[in-house]
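Pasting in a structure now, in structure tokens, and then I'll have a few things to ask.
Letters A, B and C mark the chains in the order given here, with residues in each chain numbered from 1 onward.
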Amino acid sequence: MQPGQEMYDFAGKLFPIGRSLTGEGVRDSLNMIREQIPELAIKSVPSGTRVFDWTIPQEWEIREGYIEDEAGNRIADYHKNNLHVMGYSTAVDKYVSLEELLQYIKVEESQPEVIPYVTSYYAPRFAFCMSKNERDALKPGTYHMFIDSRHFDGVLNYGELLLPGRSDKEVLLSTYICHPSMANNELSGPVLVTWLVKWLKSLDRRLSYRIVIVPETIGSVTYLSRNLEQMKQKTIAGFVLTCVGDERAYSYLESRKGNTLADRVMQNVLGFAHPDYITYSYLERGSDERQYNAPGVDLPVCDFCRSKYGEYPEYHTSADDMTLITPQGLEDSLNVMKQVIMALEYNRFYRVTCLCEPQLGKRGLYPTESRKGIYHEVKKITNLIAYADGTEDLIQISSRIGVPVEELIPIVDKLCEAGLFEILDDNKSNTPQ
Amino acid sequence: MQPGQEMYDFAGKLFPIGRSLTGEGVRDSLNMIREQIPELAIKSVPSGTRVFDWTIPQEWEIREGYIEDEAGNRIADYHKNNLHVMGYSTAVDKYVSLEELLQYIKVEESQPEVIPYVTSYYAPRFAFCMSKNERDALKPGTYHMFIDSRHFDGVLNYGELLLPGRSDKEVLLSTYICHPSMANNELSGPVLVTWLVKWLKSLDRRLSYRIVIVPETIGSVTYLSRNLEQMKQKTIAGFVLTCVGDERAYSYLESRKGNTLADRVMQNVLGFAHPDYITYSYLERGSDERQYNAPGVDLPVCDFCRSKYGEYPEYHTSADDMTLITPQGLEDSLNVMKQVIMALEYNRFYRVTCLCEPQLGKRGLYPTESRKGIYHEVKKITNLIAYADGTEDLIQISSRIGVPVEELIPIVDKLCEAGLFEILDDNKSNTPQ
Amino acid sequence: MQPGQEMYDFAGKLFPIGRSLTGEGVRDSLNMIREQIPELAIKSVPSGTRVFDWTIPQEWEIREGYIEDEAGNRIADYHKNNLHVMGYSTAVDKYVSLEELLQYIKVEESQPEVIPYVTSYYAPRFAFCMSKNERDALKPGTYHMFIDSRHFDGVLNYGELLLPGRSDKEVLLSTYICHPSMANNELSGPVLVTWLVKWLKSLDRRLSYRIVIVPETIGSVTYLSRNLEQMKQKTIAGFVLTCVGDERAYSYLESRKGNTLADRVMQNVLGFAHPDYITYSYLERGSDERQYNAPGVDLPVCDFCRSKYGEYPEYHTSADDMTLITPQGLEDSLNVMKQVIMALEYNRFYRVTCLCEPQLGKRGLYPTESRKGIYHEVKKITNLIAYADGTEDLIQISSRIGVPVEELIPIVDKLCEAGLFEILDDNKSNTPQ
């Protein structure tokens, strides 16, 4: 089976779970991911714990939630679609008129057929979500609003995995797991990370990799509050992977500084492989990159997306379902991230070991018969050598000479073997630009 | 009465005075300004004083000046329009033929109806100025050229005012007073400065303000020769205010370095308030910014204009009269400069005091119900915080996040009150870029 | 006679000589150049000498070379056109069928009428070159392939000339001499250098000049292996002069760093004199700039060309003959390079000696009568002074204020004489950007 299909099928298994910031849904999802990558550690942090400016919220448990009309018909039933109950809703058991009921119903007025995704994590209230059409069809009468939920001191969970390489320089791969049944803006990220880890485990890694699967915002704040110093010392590039399952676009959202190694490698790889990719400014951010790039945190982290959150009509609605993402979409995203990682693995400061051009002919790297046009054919090699002065890393040279890193890798291998290239002190490659 | 109308009326009172580099006209004008702002000091520097590469010229006094034809008709009478006698003209009392007379008549050939403004400050000669039409209508005959003027050792005068703030960092506001009856290219500047001072006096000033009202070129050279060291130590931004009374354009002329704080605040304020403003390169300079920016002087000074000197047809002619400037034009210029000053007053290096994003919800700065589109609504706050890492000043952040400083000021106040923002050492804001 | 005609005639004399990397052809050519500039030194380096990663090849001598058909007709006769025998061909004396012959014939398929220029310097083989038309007309039969050539230990020759100036800072002028009968891509370069030297000898030189005439690639590698340290210490700018004889274009190929003094002066001079000039990236290089700019060599060297090598259809074919270059083309190139050299001679860091603007009027540099438009007329002077703060060199100021250096030179002379300009420590002008 193609990886894309496996990824898609796994997303399908995760889809029905009712996730929130905390609780069983997150734990179930993390456990299912651990079945794929057993090395994943699942961590717990108690409710009430202070994490920087925030506090870990209580767990939320919901068993049932619906509205019942006089005839006993259930409307907005949580068990039919977990978007029907506003996330983190308090409990209710009350008979009300239509007029009163309407105050507790959330719709997306501009999209009459979808159930919107709404939460109220930091103020206690309840509500039901439904399509505008469904709401507008409600007739006067008495309705029973019922939500059986509770909030209690529990834990916040997240998943973590460190894959060591020969160097302790780290690449961060971060994604989130806290949305209920949504496909692109939720499951595509954890699924991509899972398959990347399977591939990374088989790679002869120069770099180390830190994989973080957290509830959005509070999860990354929590993770940073426990790991910031280490991450600041080691992280050379990081990526928030979100909305990576559809086929409509390739997108990249800049880090706050805009010129970190993470930015450069993403621009380089997408620039060659998908030159019509969309660049979003950091001003258009909205996921965990907000925490990783915050002042004082200052990690070099950007986002990789297909259709970016907030930019596609199905975003944060029931229409972001399994029909929106595809096996091909997931697999193409996997391939982009593999290229990104290979570019980072080979991203060194190379320096040519002789003065003037080396004589490539005697090493079989240059045609021995010189005629019009011949110089052009070996440009890839000669241009790589011409800029290998130890001042620009391989990604910079790739961008400068217009040759994808993946085409340069075999040449780099040959030139290193021939003794024509040396690798400069690795510390330089830590400079995040 | 609206400030614009008051400003216009005051310009009207100054209009008839016959000003030159030195003399009664300048003194009368400065005295009238001192009636508006009693703190203004009027300084005197004796003729012959060496100021850098220049020497203070003699005073020029003119009592009468005209041409009389055989029938006793007076033409080009100084008392009708003080542009009729070339500025700084020597005395003459001579009967001449039309042919000879024509050698002493200056017209603007391309604008047949206006009297041009001509001076000869640094070579002794005399001439009359009139419209091309008037000159062309002169008939053969004998003419009496008469100018009752004298040059004598006196003083050069200028006005100066220092308004102290909590910091001794200074903002320079400079304008000139040496042209006879011209409105936009003369009176609009001193009038704007006068009303700015009235407003500044009531402001709780962080910064100090240095107000300089001088005859153009020789006056700013003189002023700098006496105040350069202090100004170099203290000046963070300066503005030459000239041609600020009409309604046709907003213009900004770059400082020599082009990226000083003066440039940045002007670009920022005009960019938001009047995005169609015109930028002139320093190569197109022509007023006192030439002295403030000269090599070795190196003050961060740019020009603010409406229709810039040299760029509008009435420039340096009798058509630059009270119909060219308007109450609205003057008041709008006043408002721009107030915004410039407020932006400078708040231009600090702010740093957010917590790691990761602060939890704005618990402080009432973020909606507690999260749904599609909500993040966009609070972008102004979150983007301000995201860049408040102490490396960019408020003006830079304003430009970066696309929000005018005046909209950021109340947010800055709130965040400072909430303890979420601290202000970094003020020394940094001295860096003029 | 015009210099262009003299240059053209000299090129015509050099044209028939059969040059290669080494051997009599190069020696004869260098000797003819020495007749024009007797100071030229002709150096020899033995075959087998190691030069960086390369080895000096053996000399190649060819006395005859042709194909003879059964009727005794000679085809591809070296004595008719020295392109007919592939450069550096081994000897052969063999009767073959047409079928076998065709394996040893090189044509340019896309240009049926020209003989291509082909060499095999670093693998021993032989071949004949002819037009596609000529080859296609060959009839079946027996052919006699005959080349009387030999390879033997000899020397590689090059020409060198150092013209000292008051400063030991050097300008490098490099061209190559190793192609057989081709006009633009061979002789135009040495001829231009020869006439530049004649002019330089009569110039009161501030700078020193290093003239290098070498076989391409191996020659510049050899030259650098013997002179690198000196050149790194002294060279402020260098130019490879090649393909400078036609009239179709002005071209400039960037140095590797792209912003050296060599780049800046070339951009400046061509930008004013021939604003439609073509800029080629260093990625499109192909001559000795490859060695001068190599990592570790790092000399500030760019190319000046008319129609650049590889970019015109006659390149590396028999069509690159004396009809391609013209007296006018050569002379215009000479004039560009004279301007480049004058710009370098005057390229200092000037600083104005007074604070504020100097009073130009009293020195006769400014009109004493001031009227509308007058300031514009003296802009060339005032703008030069405004930027003469010792931080930008004359070429930078020229580009900034939009006035060619050759127009600034007389003003600089006047300002220096008037004591208004001082020249800052020459060490600064060594900084190659």
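Keep this in mind: a residue touches a chain if its C-beta (ideal position, glycine included) is under 8 Å from a C-beta of that chain, and two chains touch if they have at least 3 such contacts.
Computed from a predicted model, the values in this text were never measured in an experiment.
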**Q.** Equivalent interface positions on subunit B and subunit C, same or different at half
**A.** different
Q) Between 0 and 180 degrees, and as a multiple of 5, what angle does the rotation take that fits subunit A onto subunit C by Cα atoms? A) 120
Q: Could you grab the centroid distance between subunit B and subunit C? Build each centroid from C-alpha atoms only and quote it in angstrom.
A: 54
Q | Junction residues of subunit A - those touching two or more other chains | A | none
Q. In the complex of these two chains, what residues of subunit C are touching subunit A?
A. 52-54, 106, 108, 116-123, 125, 217, 220-221, 224-225, 228, 256, 282-283, 285-286, 290-291, 293-298, 310, 315-317
**Q.** Touching residues (chain side subunit B, partner subunit A) in the complex
**A.** 351-352, 354-359, 361-362, 368-373, 375-376, 379, 382-383, 385-390, 400-402
